[in-house]
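Next, two complexes with chain A in common: one pairs it with chain B, the other with chain C.
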Partner chain A sequence: MSMKKNYVVETIRKAQMMDMLEKGKRLDGRALDEPRKLTIETGIIQKANGSARVSLGNSQVIAGVKIATGVPFPDTPDKGLLVVNAEILPLASPYAEPGPPSEEAIELARVVDRGIRESEMVDLTKLCLVEGKSVVTTFVDCNIMNVDGNLFDATSYAVVAALRTSKMKKYKVEGDKAVSTDEVVPVPIERTPISVTMARLGGAVIVDPDAEEEAMMDMRITITTDDDGNICASQKGEASTISPELVLKAADTSIQVGRAIRSQMVEATR
Partner chain B sequence: METEKKLMDEDGNRLDGRKWNQLRPIRLEVGVVKNADGSAHIEWGKNKITAAVYGPKEVHPKHQVLPDRALLRSRYHMAPFSVDERKNPAPSRREIEISKVIREALEPAVVVEDYPRTAIEVWVEVLQSDGGSRVAGITAASLALADAGINMRDLVVGCSCGLLGEHVVADLDDTEDKEGNGDMPVAIMPTKGLVTLLQVDGIYTRENFQKAFELAIEKGKEVYAMQREALTKRFFSSDLTSGPIEEEAA
Partner chain C sequence: MPIVERKQVIPGDVIARGDHRYGPFVEKVGDDYIALRIGLAEVGADGVKLNPLTGPYLPRADDEVIGKVVDMNGFGWVVDINSCFDGFLPASFVFGREFSPATHDLSSKFRVGDIIGARIESFERSRDPQLSIRGQGYGKMDSGELVKISPTKVPRLIGRRGAMINMISERTGCDVRVGQNGVVVVNGQPEATTKAVTAVQMVEKEAHAADLAAKVEQYLGSGGDGN
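Let's look at the complex of A and B:
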């Protein structure tokens, strides 16, 4: 069930929104390239190795990290496992329903996972215990608690915040087996990827669309950048086109907007 | 860099002998599935993919009807024997996501407003997969839509670029996709010069991002020439009753 298509925006709000966008303004008073207020709380779930509650405007996501040991994939015997998953809970929106994950939910989880994985945020080689036999497995599960647009960024920030503050047992290798010790260490974090999602409405391109804006967007693009301003993941969404010039402009916006969000993230998860 | 050396030698030759900006061999054939309203088969490197289109047809279930346009459905599916290890035939999360982005890549080119209250179905079956199967699938699917006589604004053609070490290269094969450092599938509407699919993974500097993106567009236009040729063969060959085109004359 598509969240976007079900969201009804009153005709008069639509007209007002489009009118203001033409003048470079938004209904909630933000500038076109201004994300909503971001709040990051960490360590909210004691039973998790790491956790975070992130609010981006009224969109709210809780991410929890669970760490254990397991068997590596055959094609990466020297790397630990990192799996990111997301579920839009039925309590999060009148349009969300229980049941198997929708196309949108699967895309959300995979796009967030891609940003974290491809940026090499976690050094997976440091999570290898016995090559081919035993590695550290890191599962990051995200519960979407309230839907108000741009779940891509809200979820991604929750994952980054939870991972950055995760602690795990230190393992030692005895022969062919990995055994846990009482020592607790942080997860090996190398980078801080930041995802920035933009939407096009009419002729305007805006950063961090809320649900109302998402209901009216005709194109969405998410670009994830790392600390050095490299581009590590992207996904264009919606059944529409984007000009090559706009792709490059969006890349620059993502680098620039991402920088400020990254400082806040690093500060909040120190 | 170890991977870089393995995937590309000092002279810039890749494992299969291609230069950085060379495509793998591509063969296209339109009208291969007799029952379908439109169909196409593509062989791109080791990729072997058949796409078929049914419709415009009645929408089932009825509540999915769109009053002002056609409902475009798509499914990207990999045969269990298409990869090294047998793939479970049930659709994976990867296939569900790719089905969605393929639909969103094709829909801007289809004049869906011309077929209100109908469904147009695009089935993409990967019989053998190499790197770049989603862009190959899109390339075949847009030919299948054209073959079905569906009104279109343009064809859609895809090409994937990526990174071997720090080097931008065109059209990654399976090994390069798995062992390389990044993959960027791009689909375009070639005569309009607009992008309809963009996915990125890997770590690109701003310069490499632009280089790979622009190379993908340029190479896509090369594949577009082959698409046109395949359509021309289908509809303007000397013997119009012969059906599917047989092997190309040498």
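Let's look at the complex of A and C:
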């Protein structure tokens, strides 16, 4: 039995899509800058410090946060740890296989992590307990439950929602040791980064591509912005190129679309 | 419609007892005929029959299917026929007996992503189904809108002797090709195509309705009779 490697898009379907893009529409009826329906649920895992389930169209991601104490990295002795990891479950897609994470899964985790880290969403200096010896470690693990394109954004939203609703024990320092108290405090959240992924098909740039659109796209660009509209991270994918004008347009789109999604995020994680 | 007693069954249900002929999705255990799928069972002159309500497309020889070329090797094309099995179209069926991988270029005929109409040439459990494009109307489809419906609903879409599908294609003026595997290709004027596609989806959604033909007719009739 032959193994299916990747989703192959039908030639006539792509021709139809290109026709519709010229009229400013997409195959599924969305406008070019219209993301799919986003639903955010938080607190779905009782034993985690924070958790969220996010659906973006048919893409679904669960994120869980585990907070503990540990030793800081030698180059950042005064900062806590924040590590984001993502895994695509074999059940999530006919094209996902068990085994070590694929290149896509690694890129996914890195891009999501970078958006959270570079926006300085969590004030890591507040997570330092004893400089060079003991800090608060924050691990965010994401499981992709269903794949229907744009996992970057779905996963990123899940991480942001989980972190925004995370609670941790308050630690006090006794001598040079950190001891946990019974008091529960929220994680020090400073900002709400929102990533917006766009795909270029011919001359059109579309927001939040689904699996079919991802199969026909020429290239993809993910831009993460913070509350003030500052761009804090970006990633380009696929082999094709993008013109400087389209990059600027994509940046504007990511700020605008990101603003609407951020208000939904803040509302859902209040 | 002749009156045959139909009943809903789930896997494990006893459909009938005694001595009958029986078709797929039914197993005989002792004297009992047991259902293997969720579906509508009927006991009639043809014996014990079970029409599954859901399920993948299971290839059968001589079925007309519409598939998507997903891979190519030296000897032919791998075709996604919307089933748990991949179809294989041998290059010798396309180029003829004198086919040789050295002289013939497979990509000159079909490329990955192309939609083709084909016939199931043969299918045994031990091998992937073999396809053939010999015959009229088979081969590459260059245009049209693709619709996928559940393969179990295909008989409903075709209707008694093609009544339903003929009605849709006559009323909208579109060319509607239906594969037994649940893939439908609609060709026609943009607005008529949208209408035909909606009608096809309506048949899938309301396949259980007794007055389905009337409902579809009413839908197609509304908004000016597309001759």
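By definition in this document, the second predicted complex is superposed on the first by the 263 of 270 C-alpha atoms of A that agree within 3 Å, B and C clash if a C-alpha of one lies under 4 Å from a C-alpha of the other, contacts with A are read in each partner's own complex, and residues count from 1 in each chain.
One rule holds for everything that comes next: contacts are C-beta pairs under 8 Å (C-beta built on N, C-alpha and C of every residue); 3 or more make two chains touch, one makes a residue touch a chain.
Predicted, not measured: the structure shown is a model, and the values here were computed from it.
By the touch criterion stated above, A:E118 is placed in contact with chain B alone, chain C being left untouched. Once chain A of one complex is fitted onto chain A of the other, the partner contacts of A:G99 are absent, as it touches neither chain B nor chain C.
After overlaying the two complexes on the shared chain, residue contacts for A:R13 are found with chain C alone; chain B is out of touch.
Judged by the touch definition given at the top, the superposed model places A:G29 against neither chain B nor chain C. Ranking chain B and chain C by residues of chain A touched puts B first. Contact residues on chain C toward chain A in their complex (touch as defined above): 68-71, 78, 80, 85-86, 111-115, 128, 141-146.
If you check the complex, the residues on chain A that touch chain B are 75, 103, 106-107, 109-110, 114, 117-120, 221, 223, 226, 229-244, 247-248, 251-252, 255. Taken in their complex, chain B has these residues touching chain A: 72, 93-94, 96-97, 99-101, 103-104, 107-108, 178, 182, 189, 192-206, 209-210, 213-214, 217. Listed in rising order, the residues of chain A touching chain C in the complex are 1-2, 4, 8-16.
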